[in-house]
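In the two complexes below, subunit A is the common chain; its partner is subunit B in one and subunit C in the other.
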Partner chain A sequence: MIALKPDFCDVSLPESDYSMEDYASSKARWCSGCGAHTILNSVQKLCKEEQLTPEKTVFVSGIGCSSRFPHYMNTYGFHGLHGRAFPVACGVKFRRPDLNVFVVTGDGDCCSIGAGHWVHAIRYNMNLVVLLFDNAIYGLTKKQTSPTSPLGTISNTHPTGSVLPPINPIQATLGLPNVSFVAQTVDWKPAHLHATIKKAYEHQGLSFVRIVQRCPVFMRDTYEPTVSDPDAITVLNHEDGILLNEKTLNSFRHIVEHDPSDIIKAREKAEIVKETTPIGLFYQNENATRYDQYGAHNLGISTDDRLSAINTLMDRYAI
Partner chain B sequence: MQSEKIVKTKKEIADKDLPIRYEVDDPASEAETTAFWKKLRNFYRSGEKVSKDKTAKLSSLLTVLDTSEPKYPYLPNGEKSPPIEEDSRTPFHLLNHVLSAHQKENRKKFKGRLAELLSGLNELLQIEDKSSEAKELKETYNFADEMIAFDKMVAIIPHHSGEELPKSRLDRLQSVVATLQEGLVYFSDQSATLVIEKSFTELFNKSQLFSHTQLIEGNKDVFSQTQKLFADQIPSFTELIKAYRIAKLEIEGAYQEDIHDEYFDHFTWHRLFDDELNLYHPIVLMVGHAYLFDHLSSFSRLLSTNQPVNVIVFNDERISVPDHQISWEDASHQFRQELATLAISYRNVYTFQAGMGNPAFLHTGLENCLRSTSPGVCHLFATEDKSKSKTSAYLMNKGANAGRYFPTILYDPNRGAWGARFDISENMQSEKDWPIFTFSAQTSEQAETTMEVAFTYADYKVSYPEKAKELMLIPSAYYTKNLVPLSEYLELDEEHLYGKIPYLWLVNEQNELHRAAVPNVWVVSCQERLDFWNFLQELSGINSFHAKEALVKKDEEAHKRLEEERTNLKAEHQQVVEKIKEEAMGKAAESLIAVLLDEDGLQLESLIGNDQALVIPDSEDVQEQVVDSATETLGETVVSDKPWVDSEECTTCNDCTDKYPNLFKYNEEKQAYIDDASKGTFAELVKAAENCPAACIHPGMPSNQKEPKLEALIKRAAKFNG
Partner chain C sequence: MSNTSQTTHSEKVNQVKRRTTTEAIVEIVSDSGEGAQKCGQSLGAISAKMGNGVWTVEIIPAEIQPPARSKAGASGIRVRMGTNKVTNMGDHADIVVALNEQVLYGRIDQNAYKSGTILLIENKWATHTEETRLAYEESIDRFKELGYIIHEIPMEKECLKHVSDARKGKNMWVLGLLCNIYDRDLDIAANQIRYVFRKKKEEIVQSNLNLLQAGYEYADQNIDMHFTIPSELSEEEFVVMNGNEAVSLGVMAAGMDVCSMYPITPATSATHAMAETIESAGGIIHQAEDEIAAIGFAIGSSYAGKTAVTITSGPGIALKTEFIGLAVMAEIPLVIVNVQRGGPSTGLPTKVEQGDLLSVLYGAAGDAPKIIIAPATIEECFHYIILARKLAESFRSPVFVLTDANLATGVQPYPRPKIKSEWFAAPIDQSPWKEGLRAFDWDSETGISKRPIPGQKGGMYTLTGLAHDEESHVAYDPSINQQSAENRSRKLAALGQTLKKPIVNGDEEGDLLLVGWGSTLGAIEEAVGRAREKGANVSSLHLHFLSPLEPGLKEIFGRFKKVKTVEINYSDTIGDPLITKENRRYAQLAWYLRAHTLKDIDCFSNVYGQPISPFRILKMLETELDLILIDEQ
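For the complex of A and B:
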């Protein structure tokens, strides 16, 4: 029987064949009109495009509207404590470098209670994709001022308007050492959003993506004008940046050239948020140090070997 | 220290082991300096020195500049042969060697050829040379000497009788044979002829040179004597050559009486070929420089006759002879050094000028001179006997050469190409005015500086101690910027010369450097020598003004051409760009029209009615008009009916799909589209449009006119339909 030998078959069959539905778990319960739906759709599309093995993919989140995310993905997930999405994700990656780890966090989870972990996670530069769902409000707890709320936001905690200027998560991240990928996008431009998440996934290192998210219930007044105003967005364009097809690129009115290899220029661009929202790749550095690579050096050593190594070390101090 | 000085041998004079030192003293006071400089300026103008200084003890840098040994071409290299000590007689040795080598060669060649011809002719004539035949037989059969009577044998040996030759031919042949035989005897023993002027005769008698040459003592006018000598001797040689040629023709059987008889009738030496004339032994004339200039007219006559005579001129004029006070700065004396250019003006004279500073060149020059059939003039630099001067003859020669006083010149009239006849490339750094030497000197602080010094004519002159006396020593305390090295001083133009004094570097026995000022007369003679050198450079094509001009012109032409090409290319490029622009505009307009038409396929009638739209535009403006009008017409039609969703802009927020699942559905990308517009009301469409976060729902116009509150709804829908 000549025919059935495997080396006769020239056609290489794909080993897996996942569709978008394979990655979808329960129906998303976010408010209709919420930007999180768009992001969920985009991430599922990415998983399908990259044919990520569901059992090798982990979504780690903290607490908030954003952090409902892992429930709606048919992969492994970890819905953890408020502000502790980063430590858990880093731990997962450190010991299981073979898994695809995504971090889903919100403006309160990352920039408020989780700020400490945020700083060091950026510095560790492990191979994670971090999606910051920044809707500039505490939505799940029904409208309290968030660290990224614009000045003067009226909320339950500040009925007459917030008094402190907001954190600029992009600028803050660019100021940290060993930062390797910083991008920003908006959730009402699905083509740009998808391209950004895809590029973040491809980057080998911690890809920090801040997604300006609409809250149709609590922040509608802030976002309505922004969404329909073509001057509100400036696209950072470069051959090394987020690549869009011509049609999409031309649908934006303001396009600016920005080379993502220059961190100083990136910080300058991050400051223009007062006039317009710059979206695109601010900075990328492929050669930053990876702490997960350092941590993986003794993976695969069996428990017996570890015990004997410890014992050898202890024997030095034996009397 | 004087008492400790040992008798100096030649080596110690220029002690190369001692480093060259240059001591810098502190500058003297202003008053002292001014006073000294006054004296200095006076010295410059007049050459008078107020005080006696020790310049006589100093010598030029010659001794420390060149440390190479002379190279001889005929000595075996690599063997440890002691260096030849050159003195005034070395050129004679060289000449002797060259002459004898040349003669040997010639003799062999000549003898060989004559013998060949003779045997050939003998064959023709069947001349029985009984005695020689007998001898031959004897030699061959000499073991049978007692037994055989060879004479008798010769008679018995059969000879085939020759054919009958015509009488004229027979006569000719016989005379030719006789001449050749004579020539064989006479010319094969003939050596070179050397005609010597009287002043050289004692020199020759002392040495054992020129044993194989015929020495003839010159009378009062050596040149006309030589001319006559040649004129007397050459006819017999001409006859010989004539016989030689006839013999050759006869042997080949190519002699035709009607042509050749006439041809050989008036056969003078002018008709000899070069290689034939070369076979004649060389006639060499040896004269002194002063003698030549005293008999310049007969010298000129000799050269113009084109006789292959070689004149060797020994230039010893700057050696001071007690009763012959020549002033070096005498203009007429200076010009006499330029003998070579005088000889070159005869155009057909093989001229070369050299000294023992370059023995290889001298050797080749002499060889070629003897070999060429044009008259030759060799201008040789004679040197003093070693007992008289401190420095070696070789070094003095080199100095004269470097200082452009006695440059090496070669003029070979047989080198065909333009300008190739004249050659001064054997000189040091022949492209420069003066050769430049670098050496390092120790300054007093244990530091070393590198000095670059040009070796001028004045530097060479200073090698003679009696000339060194004429300079004025400048202590380094009085050094100011107005002191310039002589080579630089010569290059300055008039305005910069003012106030400057030229100096030379001198070195004493301890290799310490000192500056010495040079008087004006020396500067003038340097200028003269430099001008002569530049003249030579001109002739040989170095630094040619015409060549440079031609180069510059070529450059300009090339530039012009490139510029033209560039402008042409630019113009072409522009045209191409314009064309592309036009095409692109056309295509854009077409595609826009196509797209708009596609959306609602039913607007063709309105367009057809619009003539403008169907006219094919040929300019940008017309195209724009078309586009505008098309959009206008189509704009109306878009607004007319159909609701639609820009699916690509959909953010999948579930808003419309949750609220109005009858109208909106998700496609494969999970982005919304209107499934069936009739399944919902216009009000629903408008509400969905208002809620849509991406504003991608366009309600259009109501299809069902019966819906309530349509006007308000249409107003609300207006901003989503724009």
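For the complex of A and C:
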């Protein structure tokens, strides 16, 4: 952090000017080539661009490879229980509107053991950025089928191939009440990834971002074709969507127009995941009910008023 | 009826002879939805307002609408009123008002009545359908055989003189009847009715007042039992409520920012009681999607510096266990109220049990020391929440408050607490974190450390459930795990140092010491008092701190020939098939105290789902001490 005293020069400078390094903590211990490294870099870049005050920023995670994320940020962090990042993050945010809260979760964490909380967190629609690191496999426990593993995935629990179709996290989220922001990106397109995370940060409400993520150790064969094939990705484009510069946009072969205010169309677009990987903003609604606003509505009541409220109730029991 | 003598008259009634009694136990039993509880709660409140000691306990069926006129459907209330303070439900009922005869069978099975108990029974069933009429007649004969004294009362008929639908208001007619029988002040009774129906239209209030008056006059003219229970009005202000309501007020008086819960019997009514007020008192209720989320949300709030409580019962605790372990490991202050009910599994949702002591003590992976306290009275249900919040903050630890279904629904007056602003949690510290101080800077003497709150500049750390060092970094060195476990455990020892040796009720040494915890206090002390009057050499001791345990127990126990716990949970009985002294499974506190003191502590416990009565304890003492302690009835 560069801190210049106000009398050092005439021009007014911001009180603090955080650099990328100010947000970095210990060296990330993910495997070499893991998509999580790119995401970490992008999030630290976002923090710098938005000049997020490190002590006012909290990263909450569950358990899994992705959930090590808070340890690598020099902010407040909460590396809790498997599947339970959502309730913790909602509790952090409920009565602390001054905090920037991010949720980092994985496909097992969010879509399997924590699926109940996922449903309700979407409905609560607190102002959180949710990053779903979806590598379609359990990595930390060494290659078990995840709820988003493609049908037929060979894993240690299904050596002859997984037998159930995967959950589509985008489609599932779009089916929930009070949903307010749903986007998808891939870790290997850093410009799109960053633009998506930025859009998610700017959204007022719960921004659900599924990041299709490479696991080079356990899922190399699954992702290699997608990463190398320019036909494998389709960009959802719109002036209200994820804004890319012309050069980046033109680097994609398949671009379709999609208005993110149209939830019916968003659900249709979520279905094409079977043929291609759609990336971009599926849906946004800034008017959805915000439960964190309810949580903050009665902050700052005076001591006298609090005493008076309790005494009034106590009067009812008086004899 | 005990302790009676021929004396006074009432000013309210003409020439009625009243006998003075120092206490009375009344039950009102009916089908669900007939308002028996409202009637009994009102009688309790009226008596408390007259300066009498009161304890009421609800009789709750498992279903919302159980079948009418059935043994399992008994819904009602017991009210014990006395000249002095009343601390428990007592033994057998003196007078029972039954809106049908079938519901009495469940109570008879529970040994709630004795030979000589007076039953006032609705007589409309005697002229009902043939099947009902026969059942009624058969029951009346059966009750007579059991030695009960029967009065058949035309309740429906009398009510229909005042209302078109007797279901609406029969309970208040019964209240009037009981007010006459027990010389309750009619003005106070009328005010109580106005309070109970404060949200209703004036015509409904008036109709209920008319029924109260009618019931009162009916008893005056048609019933030949009239008592008075002398009382002394205290100068001190009193409040009257049940344990869940006391918990609820405690939550607000402790300045809790967040009460995070999921509906579960018998805990939920604590949340109902605060729902209308808590937002004006600075807090909010969060009804979570499940028990796990409820505690996770509370932990998140607490991590962010907002004080939090979660209120549940045994099955909820089972679901929350992983998060409780996290709160211990990551040293997150949190108050967890467990309103215990019968277990295991769904068990007896509406009935009392003290069955969760060992599960909250040990029910987490690894070594998870936490603070456990148990209020024994309604008043303590209030004050212990405030204490729990302070302990949670001071010791950076989850704190359990163990109440139970008996305390939750038991109603008792207690001195009105004067709410103090210093009971509220202090505003969260947002000053810069002291340079050089680590996130877990464990004090080597106490294990206590100061915690950083998000927003504190320079205090950034990542909380983790993994083994971690002082800086909250993941421990790759095994010695760190040993060291951090030592520090978490040492906090309990540090708290234990501040506790006082418990006070023995009765002689400091003797033949037998009864040890209890939680809601059994009143029954144990009453039984011990009655036994001592008969010359029994018995004392009692009641524990309020269960983790850490109060100091000096081994020394106190050593002064008695025998020590025996009294608990509402399961234990094997020696002599039952296959059960020996060697393989016997002990009641939970006994088990714990045996390990703690290396004394051969016995236990008296059962899981009938009922509060333990002084009578049952006296029966046990008779066997234990080979004395006759109960008067012939």
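Keep in mind that, in the parts below, the second predicted complex is superposed on the first by the 300 of 319 C-alpha atoms of A that agree within 3 Å, B and C clash if a C-alpha of one lies under 4 Å from a C-alpha of the other, contacts with A are read in each partner's own complex, and residues count from 1 in each chain.
Just so it is clear, contacts are C-beta pairs under 8 Å (C-beta built on N, C-alpha and C of every residue); 3 or more make two chains touch, one makes a residue touch a chain.
Being a predicted model, the structure only gives us computed values, none of them experimental.
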- Label the relationship between subunit B and subunit C on subunit A in the superposed model as either fit or clash. fit
- Message: By the touch definition at the top of the document, which applies to A:241: first (subunit B), second (subunit C), both, or neither?
- Response: neither
- Would you sort A:76 into first (subunit B), second (subunit C), both or neither based on which partner it touches? second
- Task: Considering only touches as defined above, state whether A:62 meets subunit B (first), subunit C (second), both or neither.
- Result: neither
- When the two structures are laid over each other on chain A, which of subunit B and subunit C touches more residues of subunit A? C
- Message: So in the superposed three-chain picture, is A:311 touching just subunit B, just subunit C, both, or none of them (first/second/both/neither)?
- Response: second
- Could you say whether A:301 touches subunit B, subunit C, both of them, or neither, answering first, second, both or neither? second
- Classify the contacts of A:278 with the two partner chains as first (subunit B alone), second (subunit C alone), both, or neither. neither
- Query: Shortest C-alpha to C-alpha distance from subunit B to subunit C once the two structures are superposed, in angstrom?
  - Reply: 22
- Touching residues (chain side subunit B, partner subunit A) in the complex: 648-655, 658-659, 669-671, 691, 693-695
- Item | Residues of subunit A touching subunit B in the complex | 20, 28, 32-35, 37-38, 40-41, 44-45, 187-191, 214, 216, 223, 227-228, 248
- Note on the structure: Residue positions on subunit C within touch of subunit A in the complex are 45, 48-49, 237-241, 245, 249, 252-253, 255, 257-258, 260, 274, 276-277, 279-282, 284, 286, 288-290, 292-294, 296-306, 308, 322-323, 326, 413, 416-417, 419, 421, 424, 452, 454-466, 473-474
- Residue positions on subunit A within touch of subunit C in the complex are 25-26, 54-56, 58-60, 70-71, 73-81, 84, 86-96, 98-99, 116-117, 119-120, 294-295, 297-298, 301, 303, 305-307, 309-314, 317-319
